[in-house]
Amino acid sequence: MNYHWNWRIFWEPAPNGTGNYLDMLLSGLVLTIETAICAWIIALAFGSVVGVMRTLPSKTASSVGFAYVEFFRNMPLLVQLFIWFFVLPELLPHGSGLWLKQIPNAPFYTAAIGIGLFMSARVAEQTRAGINSLPRGQKLAATALGLTTAQAYRYVLLPMAFRIIMPPLTSEFLSTIKNTSVAITIGLIELTGEARAMQEFSFQVFEAFTGATVLYLLINVVVVIAMRFLERALAVPGYIGGK
Amino acid sequence: MNRLPVIGLALAATLFGGLANAEDLTGTLKKVKETGVITIGYRDSSIPFSYLDDNQKPIGFAIDICSKIVEAVQKELKLDKLKVELNPVTSSTRIPLLANGTIDLECGSTTNNPDRLKQVWFTNTHFLTATRFVSKKSSKLSSIDDLKGKSVASTSGTTNIKQLTEANAARNLGINIIPAKEHAESFLMVETDRAVGAVLDDILLASFVAGSKNPDAYVISTDAFSKPEPYGIMLRKDDIEFKKVADAATAALYQSGEGQKMYDKWFMQKIPPKGLNLNTPIGPELKHEFAKPSDSPDPDSYKAM
Amino acid sequence: MFASFDFDVIRRSFGYLFLDGMTFTLTLTGLAALGGLIFGTLIALMRLSGFKLLGRIAGLYVDLMRSLPLVLVIFWFYFLVPYIGQWVTGSSRPIQVGAFTSSLVTFIMFEAAYFSEIMRAGIQSISKGQPAAAQALGLTYRQTMRYVVLPQAFRNMLPVLLTQTIVLFQDTSLVYVLSIPDFLGAASKVAQRDGRLVEMYLFAAAVYFIISCLASFGVRRLQARIAFVH
């Protein structure tokens, strides 16, 4: 084998002067988490609105929701990020385009918005599935009680729907975290990006990627446990909903 | 004077020919003899060393040099047919792909330095270049310190990005470094105003500026991040026999008039695909090195006559 | 706004984009889907078999692949496959693989984890009466799986499997990180060489969109025609 192992590489100083290689990976980890959380907030906000739209009786709302979901689901995430990052500034008037390109953390904002919108389509689908899985009687009873559609959704349907879809939403959140790695193509140096940089500076390919792998597994475990706590805290006693 | 290199080559061929018969082959020579295939790693956009022409075929100064090495290998192993495969590499994949056997020779614009010698070996130097940055004239940036607080692009996996990172930390410049996958992308960042500067080897910068839509808009800094450093063609570490063949082939090429002719073809004449002429005469240090080929990683060892 | 754009660049590079790029993408998608399905079914069977150890190993594999970003897995396999080849074939040096083979191995291994979960759900949804009847008829485990359970599971899960294949089709664009020439990579190369980012990326987006749209439309039609057999 031509490869020279060196597991002590993590404690050797990195050329960017911010400490050792382990610090490089950890700073990437922090950026991954920050991007994922921002993207997730956007995804939840837009996704739940669109998901609700798709279940409304109004035909226009339904079609708009459908178009939204199809638009974001049928293009690879990478292509979407490229459109936001490379194409959008060129389509705007020169001044705004230039401003967009020169924002100090452009990759971060682009990645958060791009990934957020991409995931919002999936959140929309989950929300729709959740609402549709509720017994029909719920909506009917709400109407019988004199609640408007908005009130029915707010007080009766959505609370239960969200509890039902918490397990799939957990896996969508994990997907969001994994999808942040795609942003290395637009210059966001998150965990995978830092692992790559570490590989390039130190030539220790396998050590670098093993470090990143371990950190991703760690995130997964933490998120799964956290979500389990959340599910238990929010569970409605006696209601057997979801998986 | 003209016949000496030919005699030298003939002598070398007989000597090395004898050597191959006398011992078992190891390393790359063994692999090539057994499989009948040698794989060359080429670059997308390292003009004029190794890049893709209009038909997506790799051409360039380093590619021509590697063809000479391949000829020497074929002669050395006495093969009737030697298939040459081409595999694209980037700055960040070239070393791992060489180590894991995907490519046997990396023909591009790779800097020979002591750090890399821990992982790979280089054959005789084929160029000398320093790290500089290119920017638009309108940005009015002349020294490295002018880059303070700005966004600067460079290609991942290069000595350039490493030198930029180190200078950034040492001089406390707070530069936002944008890593690009390939050299063309780094230059594109400056072209599209995403970065105010791109840090690369000055010869590569010269070729990008010359080939751009508006060459007069750009200026290459006189301030350099490093001394002129040597480019070498990479091969696997500890591959003594293969290195001998490669060294002999490149030495013969440089010392004969053919080396200079090859240089002129890529640096003093029009090159595909756009018919650019880089007009870069051979520097005195490189001329001296062609006469006395060396694979030293030390920039100070390359002096003019 | 569109006056300064040169959409002719698309026409000029059409051949390269589709003959080289799209062929790579579609071939990779097709072969990876097939390989992933076969390997994934094997993993699903391992998990559902009675042997605890096999089940554990399969479970760990699936969990590992599903926890890692595809980009990281692509990097891993690109550098690792030659060494794996060397270990598997016992040769004296790392096996030389090209970009396509390495990508294919990556996607088969990665997608197998997802396909295995789908097939596992499919197998578990078959009523217990089926394998019981098969056993009563004297069929071995192998024959039961091959002739009774798997065909039904496959048919029931076909829409989901096809949807996952569409996802795989889109995921192949990620080989971009290694400058491997798939459709997006080809579009990118043209874009950077000619400075036509807007035109090429919009075109690439449109192509992916149209293909995925048509494919998912096809899957929806298929879903309507396949009845869920209990």
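Quick notes
Each chain carries a letter (A, B and C) given by its place in the written order, and its residues are counted from 1.
The rule we apply is simple: a contact is a pair of C-beta atoms (placed from the backbone, for glycine too) under 8 Å apart; a residue touches a chain by one contact, two chains touch by 3 or more.
No experiment lies behind these values; they were computed from the predicted model shown.
The central chain here, found by comparing per-chain C-alpha centres with the mean of all protein C-alpha atoms, is C.
Looking at A-B and A-C side by side, the one with more C-beta contacts is A-C.
Taking the mean of the C-alpha atoms as each chain's centre, chain B and chain C sit 37 Å apart.
One inter-chain figure worth recording: chain A and chain B are separated by 41 Å, centre to centre, where each centre is the mean of the chain's CA atoms. Work out the mean CA point of chain A and of chain C, and you get 22 Å between them. For chain C, residues touching at least two other chains, in rising order: 79-80, 83, 94, 177, 197.
Shown for chain B are the residues in touch with two or more other chains, namely 96, 100-101, 181, 192. Chain A has residues 2-3, 90, 185, 196, 199, 205 in contact with two or more other chains.
The touching residues of chain C, when paired with chain B in their complex, are 16, 20, 78-80, 82-83, 93-99, 177-179, 181, 189, 192-193, 195, 197. Chain contact summary for the complex, chain B toward chain A: residues 91-92, 95-96, 99-101, 116, 118-119, 151, 156-157, 161-162, 165-166, 168-170, 176, 178-181, 192-194, 236-237. For chain B in complex with chain C, the touching residues are 31, 35, 37, 39, 44-45, 52, 56, 87-88, 90, 93, 96-97, 100-102, 181-182, 184-185, 188, 191-192, 213. Of all residues in chain A, only 2-4, 15-18, 90, 98, 101-102, 104, 106, 185, 187, 189, 193, 196-197, 199-201, 203, 205 touch chain B in the complex they form. Here chain A touches chain C in the complex through residues 1-3, 70-71, 73-80, 82-83, 86-87, 90-91, 174, 177-182, 184-185, 192, 195-196, 199, 205-206, 209, 212-213, 216-217, 220, going by the rule given at the top.
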